[in-house]
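Quick one: the structure is below, and I'll ask about it shortly.
We call the chains A, B, C, D, E and F, going by the order they appear; numbering starts again at 1 in every chain.
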């Protein structure tokens, strides 16, 4: 899957998140250890490295951490977000006052570790489906407060973004269908009220529901928790009349088989909610 | 490890975090699906359930989610944070307007899933060392913006908290020692400047360094990445003169052996930075 | 155009806007006139009235104004947002301490006046196209800081919402086409990168461009500043293959003629950026 | 009316308003269209133009928009706020990365359009009373959240500012008089409690009330909704003992006649609450 | 000096200040002592007492502290802000969960102690000038972040408020006069540009300057650092044509003599910037 | 007491406090006097001076005031925070646009005056105990919203910091002991639950309580309100087994005698809550 490096979030949106993370670590008294122990004028150069291979994301956060702490620090990107890195390879270099670098170290690493973890998990799924037409997409199962950044990490990993929130598309799920009194009424209401710039997706859990959705003209359908056999049948039944997204039981072991059923999108919550952090460090 | 249920964060500190998570999901237009599809007056009762066994944390966030969205919703805790739950068991019940409950569903689940994941990983380590004197402690390797809550989840899991931030204790690590020109000078400076209410911990990486630290009178020492044999030797050398904390290579497979060396604390970053989310759902 | 009353914004999103408006009017010292002149215990009942006929929007803001100022005030909606009101008719009643009501009076009126102005202008256009299939939609030409509320006022006026911001759909305009090196490349890139939940609209300024857009399979097309004759031709050429939105020169005098060309949507910036305020007052 | 260019608000006060407007438009995902369609390195120069003649205000906001989005953009003022511009004339030039400029375009235009609309309406009234001693002043009938900027736009239009909020002067209106038990008691209380740096204005609705106010020594009097004949009588009765402000029924058609009665100030809510936006655009 | 109890700030303005003070004390982990040591269900009644005689101010802040921490606490005012209290007397009672009360104790006392200190100093000056026409007024020499509250404390002490900030009146001081090129030009510019609702005060440092100011028609004049003899002369020269405010060297020892010169106002920075805290405590 | 200049708070933590203080003084309309009276292009150099001798603190706030107001101003430190200054000596120089300097003058002075007042009081106590081993420490009796800065001013004055808030150490006071059912149980609970990085201090009011605390192994003990004789006895009884802090009745007159009892720390609330402001000025 070749694509340009993903576009990072505007600094206007990124900085408040980084600022809050710094405030959380600095507390009221700041980095007391460095202030007590490290001479005020000591300058160092530090290398941000990964100890494991992975797909990198979040260096833009590290840059913001050090800039917000001390505008006199110099930060150099050795690679860009969205790159692959080997174990031990350098990602970025920051140089300047040791106290300032030490004060930002942990917050910078927390961002890069977590977001690279998300990117690495996404890349694994994306690589596994390479050559099929299926795209890996994320969900709204993100860490509270970090959605913007985790969605970016998914793009860094070669994935695509589903909704950013409740407000940017309609997704009619089982509970909505029950509450509306059936799929037909739910779809009708959604179409009547939604603006023309808003997509409408319907979740179905069986081939019968799929048939009904297709009959009602749904053009984007989420196939939830179906077996591989049912997914194949769903693709055949649909005959290209709708975009099909598969979800449920998506793991590295299963994702290729799911992709080969012919669905268009495969969504995974685990790439954001359960990605282990990539092991990164700052070496002096 | 028997202890009372952990004390939850003050609502004054909790609410801004929950509020930002809601704003992130609601965006500008809010839950357009529910508003289009679900009748305004429809009322439901929904059960927050776990699909996996685990130690629960974050129900206080779910409660805040629904209260901030709609003060007319009723939220009932079926268990408390810090309890163990079996697969399928109910955790809390929320009842009221369906639109309000649907608007908060995902954010509530994201909090409970993530924090219960942290609590469950912590509990696993804590259970593994039961009967030894070792306590499991967390680190500052937390998710940016959620430190307060992840520290709480660690307590829910039977763990203890290390520093909440850079400002509430002194921790002299390798880089500080280098920058200060040796352990002796680093310790001396820290003692000279720190207030009497601030603890000072020193990180050592070898038994030689440990010996020096003990000779200098350090009373809290972090043994970083030592082998089990070295940890045993460290305990013998220390003879109770200092509190010993072990870190590095702490997994469910190794933690018992580490505990049996006689160290006082075992710290793990993975319980916060790499805990997979617990699978929780909201059923109508 | 019969539709249910529009769904108001969540209080979580509404309150910060109202709070800022109050802070702006109260300054540091608050309502010095009332505090100096009106006895502390004086209670009154005040009637929020319109002096002109119009479509009402923003009463939910007035309610929030008085609630945020003084939780002991009672606010009663005499009509709902989205209703039509005659000159002189009462919209809401607020009763309680005179000082609190006087402190909130102007801010409450400023919200109701402005938003009812938007709703009234929208209603006029919506009424003018009644019986055609055309829907009136708004734009992003809203008052800075009030987009959420002005979009709501448009719905109160019987209109529909276009994008809430730059992030919830793709709209390829002339400058984008030039920068991308042509419509074909622009569309191709948008489709390659956009998630499947994001709509893509293309702006065209001539029938030639429309033909190209249709050939490229665009399914939502904005016809910018075309003559009525060209709009008619555009509808004929399109033959239902794409949703058509007309913009430019939309006034009460022209909108019916535009609607009768058969376009699906007619967008107007003036309903938000140039709507005169409705004349409303608070009578004791 | 010759006066120096009005002093713009401090950037400390301006930037939070601009920031919120940008956040409102960028949402979570930012300008997806430009990011997908426009090459990352493409640079352009864009001209901010007015399509209509008018008095310009708000260019300082446009400058802040582009600076807050991308510090590498260059913004050049071709005219200053407070200048008159012909249809088609350039107001400012912004150059740099196309994506950044496109991301800020709409917000910048929304500020300049709205504030120039206010300035243009104000200028029209100010020009109409030129040669009389009357000054045009604004009211607190401003758009919620934009008072600071609309007051500035009034000054750009050649008008003067009345109170910025409830706290910077005393204005005793009909409701206050009733609540206080008469004009005499209201004035007495206001004088007893107000600091010596706070002005006190009294609103009267009849010549009888004016007489009472003058007898009580009021030195600033608001003549509300009086006929032109009564205004003339009021001026005669007052004989310069008080500053007189006329309000009500102030339009371009009536304002000269009102001014010629000899009042000192004429206040208009319409210049802020009902000014149509000036039609401005950004051309590449 | 008999006056009604001063009007407290709106809760909308008060609460953010109290909230920040609480966040500052609670940090991230909250009141760890009480959470560890005090049983969760223990309930107490605590009495807020003063250990010294003084004029009380800030009980409204204490009430907000406890309400924001825990809505289940009950707070009862035993006296009102603006009352005098003897050493040992009770001011307010708060009852409920011991942990919540202990968590808020220090912040509540810090507010009451500081603001009562201001009120007590103000009262001393106000009492000293009783029987003269002089009023004690404050300045802008207030504690950063607490101006709103310290101005309220001044009113609680029987004083009056000068400007709340740079924006609510014009005060032309020596530096302004130099920069403008003389008093005449400074006054002329101020009158030409200021709205009619804004007062203009001129600071003079000699009788010559006073004469010039009077000749120019200044109606509010600040006599800075003049001797008592010069103040007497100033009052004679002025003959009631302007309001006179004296400042400089105002202490409890001098204030009566200053007042007896016949000036209208005496301003003191010390009542806000150097008032010692009143000794208050919370007893269980 | 020789020590390096104290480390100032991170700008990330300092700037929001300075920003709020500026907003508080500028209000909505800003510095109207300077804008009306001082020509826009007038440039000046101003000298920040102290009129009294004292220990200086808060120049970093003055620097931030002028930088946040106008990035084109130049600020030069003539001395550093933590220095002693004679009456009349210059502390810093700021040069640039007169309007910008005048707009920031009062806020800058308010910070420097207050914080230098705290530093000066602290220095007086610290000098008085010079030659003993006792250190002067502050308390949590700080001005709401300024704790971070007042703690810094204490360090500038040669003092040391006690807890920054409720969360960074355990301090068991009389009320806690009562609520817990005795000192033994309180200490036991605190030790069982507190992390190993958190210190535990116990307050005692009598020698009997001290004996109990020592028997229970308390290693940090606050001797509250004891007579000098009892303090001497306490030091003898303790024999170095615990760190001893004395509080209560600490004045310049008593502090030396208290220090000579042999206690390790002497805490004073008055250095923060009742320090008179240092008299500083800005001269053009």
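Things worth noting here:
Operating definition for what follows: a contact is a pair of C-beta atoms (placed from the backbone, for glycine too) under 8 Å apart; a residue touches a chain by one contact, two chains touch by 3 or more.
Since the structure is predicted, the reported quantities are computational estimates derived from the model, not experimental observations.
Path length between subunit D and subunit F in the touching-chain graph (shortest route): 1. Common neighbours of subunit A and subunit B under the contact rule above are C, D, E, F.
Placing every chain at the mean of its C-alpha atoms, the farthest one from subunit E is found to be A.
Counting every residue number used by either copy at the subunit B-subunit C contact, under half are found in both chains. Here A-F and A-C were compared by C-beta pairs in contact; the pair with more is A-C.
Put simply, the chain farthest from subunit C by mean CA position is F. Between D-F and the choices B-D, B-C or A-B, the pair with more than half the same contact pairs by residue number is B-C.
Centre-to-centre separation of subunit B and subunit F, using mean CA positions: 33 Å. Per-chain Cα centroids separate subunit C from subunit D by 23 Å.
Distance between subunit B and subunit E, defined via averaged C-alpha coordinates, is recorded as 45 Å. Taken residue by residue, subunit B touches two or more other chains at 24, 26-30, 35, 103, 147-148, 161, 164-165, 167-169, 171, 192-193, 198, whereas all remaining positions touch fewer. Taken pairwise by the contact criterion, the protein chains are fully connected, each one touching every other.
Taken together, the subunit B residues at the contact with subunit F in this complex read 3, 135, 137, 160-164, 167-169, 171, 192-193, 195-199, 201, 220, 243, 245, 264-265.
Contact residues on subunit B toward subunit A in their complex (touch as defined above): 17-18, 20-21, 24-39, 42, 44, 61, 98, 102-103, 106-107, 109-111, 113-114, 117, 140-148, 164-173, 175-176, 178-180, 186, 189-190, 192-194, 198, 269-270, 273-274, 276-277, 284.
Remark: subunit D residues 24, 27-28 touch subunit B in the complex.
Touching subunit D in their complex are the following residues of subunit F: 19, 22-23, 26-30, 35, 40, 68-70, 99, 103.
Across the complex, subunit E is touched by residues 4, 7, 9-13, 147-148, 151, 161, 164-165, 168 of subunit B.
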